[in-house]
Amino acid sequence: MSENGYTASELMAIMTAKEFKDWEVAFVGIGIPLVAGITAKKFHAPNLNIVYESGCIGPQKYRVDFNVGDSSAADGALCLTSEWRVFSDMQAGYYDVGVLGAAQVDKYGNLNTTAIFGDRDYQSPKVRLPGSGGGNDIGSNIGRVVVMLRLEPLRFVEKVDYLTTPGYLDGSPDARKKAGLQGNGPVAVVTNKALFRFDPETHEMYLDTIFPGVDVEEVKSLVGWDLKVAADLKTAPEPTPEELAAVRSADPANLIMGGAAARNSLAGLDEYIAITKKYSGIL
Amino acid sequence: MSENGYTASELMAIMTAKEFKDWEVAFVGIGIPLVAGITAKKFHAPNLNIVYESGCIGPQKYRVDFNVGDSSAADGALCLTSEWRVFSDMQAGYYDVGVLGAAQVDKYGNLNTTAIFGDRDYQSPKVRLPGSGGGNDIGSNIGRVVVMLRLEPLRFVEKVDYLTTPGYLDGSPDARKKAGLQGNGPVAVVTNKALFRFDPETHEMYLDTIFPGVDVEEVKSLVGWDLKVAADLKTAPEPTPEELAAVRSADPANLIMGGAAARNSLAGLDEYIAITKKYSGIL
Amino acid sequence: MTETNCANKQMTLQEAIKKYVKDGCSLTFGGFIGRDCVAAVHEIIRQGIKDLTVIDDSKTDMMDLLVGAGAVNRWEGAYLGYGAIGLAPNIRRSVEKGIPRKIELEDWSNAGISMRFLAGSLNVPFMATRSMLGSDIMKYNRRIKLMNDPYEGEPIALVPAAHPDVAIIHVQRADAMGNAQVFGFTGNDENKARAARHTIITCEEIVPTEEIRHRGNLTLIPFYCVDAVVQVPFGCHPQSCYGYYAYDVLFCGDYHEAAKDRDKFLKWLDRYVLSARDHMDYCEKVGWERLHKLMGMERHFNRIPG
Amino acid sequence: MTETNCANKQMTLQEAIKKYVKDGCSLTFGGFIGRDCVAAVHEIIRQGIKDLTVIDDSKTDMMDLLVGAGAVNRWEGAYLGYGAIGLAPNIRRSVEKGIPRKIELEDWSNAGISMRFLAGSLNVPFMATRSMLGSDIMKYNRRIKLMNDPYEGEPIALVPAAHPDVAIIHVQRADAMGNAQVFGFTGNDENKARAARHTIITCEEIVPTEEIRHRGNLTLIPFYCVDAVVQVPFGCHPQSCYGYYAYDVLFCGDYHEAAKDRDKFLKWLDRYVLSARDHMDYCEKVGWERLHKLMGMERHFNRIPG
């Protein structure tokens, strides 16, 4: 937790929540992206409907999901269907916004979630990551895509080791269209220190909004190319107590945001069940 | 009704019923083919499961269907699903036997249910028929196909005006395989006067079984090519009283077998509902 | 595609048809000779909409009516008959004699046209199928393309995606947002609703969204595919609606007899369609008692689980 | 494909795995990180089956287990991680260091692999998709073919049909004939069951066929796609099974911690899998009280409509 009384993950969730609009249909992965979606529903987007790749459309969230196929993803859903169907509905243009994570991003918003090569290669990389999952599909087909990842060394690179999910490809004006891709590409990259957007002409990522207490030079030092900064660089507002409360009630046992440390601090299954029941509520 | 106390349609249904085997999955159209399927379930094939192209799999028949999408087709079904799915399951080889009707058949078992051209053509034919429906799909994909049509002038022709549903195409040994078709082609043609089968080498239709009281020359005179007759030509047995009772209880108001005349002889909706309820039974 | 999602897409049948079904547009209808959109077809005829292309799998009386009323220019589909009752009189008169006008025909098989709706719903340009190979359907319909598949080299047919301007689908129940639940067979409805540019849901009953959420597995068509929701009880009569009412075979038989003669057909059309103000007036003409007897018969045999 | 349909395809999990899952065969599993076939995976490991190819969409702990146990030779799929908990330790050890053996990887996206199962279920050689275009997935995976569609000329990707030797699918309930009903999301299960040469259904409960007929719309996989039916209550633990029990996040967290270290993983494998006689013994080791608490939690939030 920062000296300001909130964690970087909480701020990321709150900043991402602002990217959703009311009555949109959002394709959101589990983890912090989902916490962002639930947070948006509590404020400006009460009728946001979330779709999970397992085949759950518009659940009424009662509890935290750890996986896209957790029972929770189906709780009170408007429609329970198949994985291939929701990906096809995505391909048919029914989903307005997608949120996804990544391990690496490049200056044209291309994402890598497959492998960090290091000094090795695709079949024997330094770090094998999970792979595309539905990430490539979101990046290939949804009109508006929001990316979430931490601004840390070696994550913002000139060129990704493996291009799992297309952003603007080589950045040339019709690159996506020529490749046969749909959707307009990424609109925002939300990190723990700043929010980035893309130049409508060059498709190059630039610094749009800096988070409270973060220095522009610090951001530039973590980015692997000569980062451009918006002429009207904005500073994000501090999260409000209401926003923080909303984020925390979406993850009451802190297991999404807090990870292994939070798991280990629980007394056991009984405490977990009790917390989950206590904070459950219909959105 | 013949002097023997049964109609030609009833005999056709009973002869067709014998083509089903127990535990098969059968793709059966409405009308007399369905009456045949229900009859088979009452005798040697109690576990026959019938599939309707509307998406009904294995219904427990309570009442007569007039259309493949009648509610009756769904009564107590094992699985209620989509049209595209059952056709795909057919394409994947899950259905053992198909039964279909036709307006014309040729000597290689090709069927026409689209148009009788007369002296005209496809877009302005003498008689426009309903079209393929699921007929082409059955003929293209199911292992064993049984055809039902009346032996009447101009129905058994050297070459069909329009080849809606493939039998053995031009009869050449690999014609079906070369065209990309699955299944082995038609195994029987059941009519009101005789049952025909196909030579395994030449794929030409021949007279296999003649019905009680029918003359071979009469059959030959109604067939538009030089019909071959089996060396061991069989005569069909007279239907048993049990078989006739089964067929009649599958169509208790006689609306399938009896057509407009039977409809007109009903006093009205009340009588129809009363008969349907009275004869309803779970198979 | 749906322009805007919102809490309430309910409107009257007149409004929905007027808003989405235009002269010269292409249409598809849900159901499969059962759960047919009969009330919507009546309203299309009443509004005098013309030059329609219908892209569909198998249809009986509702297409016979539309063609007899002169509303159709073109048919792309698999079956136009009258089920176990016989051939479709108005279809025959149109194709054979051009009365009241000749419809263009493009024949497909049911599996072939089903794959066109599947491709449309997936937003891919085509689907492969093993149907129609070697037949005259392929000979006369040049949009079916023969290819050797690039993986195994086998012959296979390609069919193009269908994207009708409007899909009209009748379901047992829907909420005002447009979530549509179907009981019984589902035909090609899930794909038609997605393949079409606009989708109108007509339904027996509008239910609260809470009721939809209680059985999410039965939602065949989610709200985001739907533009309009219209409550039309008995909207399939004389066809059946699973769990609601049985097929009215005698009414259909009478229609079939009348339709064999052009003048008698026009009288029938006037009596049941043109002179009916709306679908409630049609129900009145058919007789509420008759409709409820058909409901009683259906529910004797099956009830949708509560 | 199913060789013979019959009234009773029930057998034990040991029998079903022994009969259909052979060294060197290809497999796919139902569920989607939820409703996973965990009990079946344990039994495969216990029987020492080797050199498997797994063709699948997204998997977490069950693939980590199989790979850690050295049973897998090749993976064709989209996601091998550990959900919100992190990366999959045994997957990383295998791919990065070849411990205990290196698995071959063929990457797909979830939509791409979904279309492979759809093509397999339809028995067509390929499907078109707009995913994976322009990405390194296509660069490294030469089975994805770029083509210009013959109708509109647009670039489109083709993916080949998947036909795994065996699909194993866990469902909430099935009858002895093999009719399988699923509540909640359905993943790619309907297509996997059809695409595979043999299908094993494991289920929470065997129900009478009458009960299946009562809700035919929920039958995702009909009997004719199914070779074996096995009752395995709590067969997904520690994953969730909608309407039956919740995800055991703490158990998974403990597994994840253990799996980071090869020796600790082997102890875990021995404790919960190898030294368990069968699935009931696994349940005993996990603790019936724990399992029933997870069931209580699930049913607090949702109950399958009665």
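Letters A, B, C and D name the chains as they come in the text, with residue numbers starting at 1 for each one.
Here is the rule we use: a contact is a pair of C-beta atoms (placed from the backbone, for glycine too) under 8 Å apart; a residue touches a chain by one contact, two chains touch by 3 or more.
Quantities reported herein were computed from a predicted structural model and do not represent experimental measurements.
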| item | value |
| --- | --- |
| Of A-C and A-D, pair with higher C-beta contact tally | A-D |
| Inter-chain centre distance, chain A versus chain D - centres from mean C-alpha coordinates, in Å | 26 |
| Inter-chain centre distance, chain C versus chain D - centres from mean C-alpha coordinates, in Å | 38 |
| Centroid distance [mean C-alpha coordinates] between chain C and chain A, Å | 41 |
| Geometric centre distance via CA averages, chain B-chain A, whole Å | 58 |
| Contacts with 2+ other chains: residues of chain B | 56, 74, 76, 80-81, 88, 91 |
| For chain D, residues contacting two or more additional chains | 122-124, 129-130, 154, 156, 183-184, 186, 190, 217 |
| Topology of the chain contact graph, where touching chains are joined (line, ring, star, complete, other) | other |
| Interchain contacts, given as pairs of chains that touch | A-C, A-D, B-C, B-D, C-D |
| Chain B partner contacts - residues on chain D that touch it in the complex | 1-2, 4-7, 121-124, 177, 179, 190, 194, 209, 212-213, 216-217, 219, 222-225 |
| Chain D residues touching chain C - in the complex, by the definition given at the top | 119, 122-130, 145, 147, 149-152, 154, 156, 158, 160-161, 182-184, 186, 214-215, 217-218, 305 |
| Touch list for chain A against partner chain D, complex | 30-31, 52-56, 62-63, 65-76, 80-84, 87-88, 90-91, 114, 122-137, 140-141, 162-166, 169, 175-176, 178-182, 255-256, 259-260, 263-264, 266, 268-270, 272-273, 276-277, 280 |
| Residues of chain D defined as touching chain A within the complex | 31-36, 57-58, 60, 77-81, 83-88, 91-92, 95-96, 98, 102, 104-105, 107-112, 114-115, 117-118, 129-137, 139-140, 154-157, 183-191, 239-243, 246-250, 252-253, 256-257, 290, 293-294, 296-298, 300-302 |
| Chain C-facing residues of chain A, complex | 23, 25, 47, 49, 56-58, 60, 74, 76-81, 85, 88-89, 91-94 |
